[in-house]
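Naming follows writing order (A, B, C, D, E and F), and every chain is counted from residue 1.
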Amino acid sequence: MADSRFGMVEPGELPEDLRERIGRIAEKSGFVPNIFRALGHRPAELRAFLDYHDALMDRADGLSKAERELVVVATSGANHCVYCVVAHGAILRIRSKDAQLADRVATNPWQVELDERARAIIDLALALTRRPELFGEDDIAAARAAGLSDDEIWDVGAITALFAMSNRLAHLTALQPNPEFYTMARIQRQ
Amino acid sequence: MADSRFGMVEPGELPEDLRERIGRIAEKSGFVPNIFRALGHRPAELRAFLDYHDALMDRADGLSKAERELVVVATSGANHCVYCVVAHGAILRIRSKDAQLADRVATNPWQVELDERARAIIDLALALTRRPELFGEDDIAAARAAGLSDDEIWDVGAITALFAMSNRLAHLTALQPNPEFYTMARIQRQ
Amino acid sequence: MADSRFGMVEPGELPEDLRERIGRIAEKSGFVPNIFRALGHRPAELRAFLDYHDALMDRADGLSKAERELVVVATSGANHCVYCVVAHGAILRIRSKDAQLADRVATNPWQVELDERARAIIDLALALTRRPELFGEDDIAAARAAGLSDDEIWDVGAITALFAMSNRLAHLTALQPNPEFYTMARIQRQ
Amino acid sequence: MADSRFGMVEPGELPEDLRERIGRIAEKSGFVPNIFRALGHRPAELRAFLDYHDALMDRADGLSKAERELVVVATSGANHCVYCVVAHGAILRIRSKDAQLADRVATNPWQVELDERARAIIDLALALTRRPELFGEDDIAAARAAGLSDDEIWDVGAITALFAMSNRLAHLTALQPNPEFYTMARIQRQ
Amino acid sequence: MADSRFGMVEPGELPEDLRERIGRIAEKSGFVPNIFRALGHRPAELRAFLDYHDALMDRADGLSKAERELVVVATSGANHCVYCVVAHGAILRIRSKDAQLADRVATNPWQVELDERARAIIDLALALTRRPELFGEDDIAAARAAGLSDDEIWDVGAITALFAMSNRLAHLTALQPNPEFYTMARIQRQ
Amino acid sequence: MADSRFGMVEPGELPEDLRERIGRIAEKSGFVPNIFRALGHRPAELRAFLDYHDALMDRADGLSKAERELVVVATSGANHCVYCVVAHGAILRIRSKDAQLADRVATNPWQVELDERARAIIDLALALTRRPELFGEDDIAAARAAGLSDDEIWDVGAITALFAMSNRLAHLTALQPNPEFYTMARIQRQ
């Protein structure tokens, strides 16, 4: 089984800015996540992908880091994206300090039991994920009623939109998760 | 009816690089497309959006300009995105020099009559648009059988993915098309 | 691309009553709408179709003319019927004196922003269009709560039913819109 | 439980032509089928409905009478229309001289075991019933491959379209079958 | 047409306990329901099937016998299972002493008119039948609001689950109803 | 978060045969799987459930143990059942000696890359899982073409049917996986 349908580009083959950028990620993670090797065929697209990702996932205001990953895992579960569920499931385990949440959210985001705020976040994401034509004022109103600010609503919606793209890039390339992601943070520290 | 659910940012309020970039688009079109005013709340996201868009839509190799817009209109039609259908419908009329194609593709991308290559392009896009978990080797094989190269297949898939995001940003913001888009290139020059 | 999968019958080939009836329509429109040429193969069916259409679309009581076309465009959009969306989109532009409404309703009838009465009309139509087995007392009650009378509810339901048929006849015959429909009433008179 | 959501009109209250026409049906059946009493509120619509019905269901050429009812029961089953399934199930039992076929077709038209011609007829009808936007050349080609003529294909498609309307009128009016229909022709004569 | 895709096992070929058990059923009904002959290939599975069936369908507490069959017919209708609809339709006619209810429930369980308790029972069953991932506290709350006890809710849910299995065994084996089921209890005794 | 919506029954509270039977499972696993505690409210149902489970999952002939779990994980993934995916995912990791397969199958059973036999097994299971009314001869023929015997086809179908039930019992009871299942066999022995 290949890691990607269209082959991989190793960091050393990338333009310098991307080589350094991916290098920093690899140093931190201990490995190069396969998504970067798969998108490396198109440096301009990879660069924009990274910029968009960082603008939304590393943003200081709005949702917490764990909440951002919650949106990613919920929408990736609803889209049945193996790479995104396994890779971001690992990150959600780290960010949420909860070893079981990611598997539960990815398997059934619609009914996983959560506190009111987290449920409102996921409901908003799901409303936009599979049948976006039905998204409307009722969804916005429900999010506001649960206490989400408009800035937080934008975060949820924009992350959902970003992973609507990212999930499809993974489906397009038949992207496989790095083996490391499957086992990261499986044991919860008490 | 507001043009966007979360208000608009005028070009003059944007960071200089974006102000200039949007300015060039406005000069060429005669108006500022509403998507840029709606995304202006988040300059870093707008910048990444523009970079991603240009990397895919202005690319020299692979699909023709008209074929790229065909993918956009088909996927936006399948996602029932008013802004994207009206705005990119106008661009498709211009690029394809066909005043009727866009309305036909947007209304029923699954069965609009097209030549074999265009049909293969849209079929590939549609396979990734609504039920991406079913996308697989059969779809790739059908595209190759119709003569698409792997580089062209990537183009189709990546544009579909980009507009999976873009459609959802428009749904999120309840974005309205500029009035100009409705009437552009409606009369076919013979 | 043929205008219809099973060929066309010209008005001159029709029985006299239909020839005169289609003639009057052609005189008013300036052309013979393709639906009449496509259904001309079966004069008895065409005659019943015209009678049903006139009984519902030219009725004096109940919904306004513009509201009737709103139902047609919403249901035809939800059914992805190219002929009906383009032809009745043109008529809706004329009847509503709104050059943009038809494109917005056809693209996303579920969420297009409308006043309360128009929203109630479309919601009722949509409830019957795609999953009629779920139609029930809740839909009737919502329509009544928005002020629709039972006579108006019948109008909405019966027009939706008529175009459930009409949309499928267009799909059956792969019917193409006359070129004139694409451009009619695109420029809004102020 | 009322027989219809909007009340009934008795034959005696109808215009003379309809009173006579319904009278002849009642004489033949032994009772007035409820659909006529429910549509009687709108004589012009009832008249067009009867004309359309007779043009398609009593046509001498093309499909046999039993095949026409097979299309009606299959499409009504797929649309979960109680009135149409029970009433036309009875007629199918009579026309096909098969006491079990109607229940089997109505319950699962997609997989009921049939000879090749009947299967092709139902497949064509089903392709147009629930997701008409996907109907296309492949469906026509499959029907032709099974030996259906274009005239027969039109019959199947047009009857499916007529009952797309008729099913929805029954859903709109919450129409109940006459008790007689449930038991007609249940015992197969050998 | 065979009665089952994988052939039948006659009672005489079964282990003694099953032969006696099926014998008692046959004595009561006047015939051996085909499901037992089809599952007879695997005596251990047939035995567990009968045990599960009896534990739920012959239980003294909770739902009435007629209500249990109502759940079976509703879920089998929603799953388009010919064997289950025809066989349990017959049993529902007997248990409910209503000759028309079964046909109405099987054809459109979502909207068939029922008293509040029966409607709540069917709504709960349907929520679990087709999209079980959406089943949740709202469904439980609605059932409780209609007066169902937790013991009755378990009955509804467990019978729905049992027939999710049973329906699929019938689809797997292309099981045909015994002719007797079609006509049983069609005439309502007054 | 409760482990089950209707509370739990501890093994000590069960009839003796079930207490011993669950005891043997607990001894082997090191813990009592929550499904048995949740179903313990109804000993007769639990007993039949265990009998059915053992008849199919411990059967000597036909599919291998790993293949049986593959069917369970695929169908439970398609049904979004958290308990079944997590618990049987663990068992599949053990049976298949593959630490990653279960997560991949559960997340996207439709497109996970597998050898031809495993793909045929899952395709057959999926055909029966979500839209069983479409299951038919084509599905059987595809399985046979991939080399499955009728006995193996029955295994796949019957396990799919059993977990159609089991998944719904877990949804009904909002069943939570035991913490042990999340981490079992995560590290692949080389």
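FYI, a contact is a pair of C-beta atoms (placed from the backbone, for glycine too) under 8 Å apart; a residue touches a chain by one contact, two chains touch by 3 or more.
Quantities reported herein were computed from a predicted structural model and do not represent experimental measurements.
Undergrad: Which chains sit in contact with both members of the pair chain A and chain D?
TA: B, C, E, F
Undergrad: If you tally contacting C-beta pairs, which pair wins, D-F or A-B?
TA: Greater number of contacting C-beta pairs: A-B.
Undergrad: If I superpose the C-alpha trace of chain D onto chain E, what rotation angle comes out, expressed in steps of 5 degrees from 0 to 180?
TA: 180
Undergrad: Do the two copies chain B and chain C share over half of their interface residue numbers, or under half; same or different?
TA: Over half shared, hence same.
Undergrad: When the centre of a chain is set as the mean of its C-alpha atoms, what distance in Å lies between chain B and chain F?
TA: 43
Undergrad: For chain A and chain F, what's the span in angstrom between their mean Cα positions?
TA: About 28 Å, centre to centre.
Undergrad: At least two partner chains per residue is the criterion; list those residues in chain C.
TA: 80-81, 108, 110-111, 133, 135-136, 171, 174
Undergrad: Let me know each pair of chains that touch one another.
TA: In this structure, the chains touch in these pairs: A-B, A-C, A-E, A-F, B-C, B-D, B-F, C-D, C-E, D-E, D-F, E-F.
Undergrad: In the complex of these two chains, what residues of chain F are touching chain A?
TA: Residues 1, 77, 80-82, 85-86, 99-100, 103-104, 106-108, 110-113, 171, 174, 177, 179, 182-183, 186-187 of chain F touch chain A in their complex.
Undergrad: Which stretch or stretches of chain D touch chain B in the complex?
TA: 133-136
Undergrad: So in the complex, which bits of chain C are touching chain D?
TA: By the definition above, chain C touches chain D via 5-6, 41-42, 44-45, 47-49, 51-52, 54-56, 79-81, 128, 132-133, 135-136, 140, 150, 154, 157-158, 160-162, 164-169, 171-172, 174.
Undergrad: Over in the complex, which chain D residues touch chain F? Could you list them?
TA: The touching residues are 108, 110-111.
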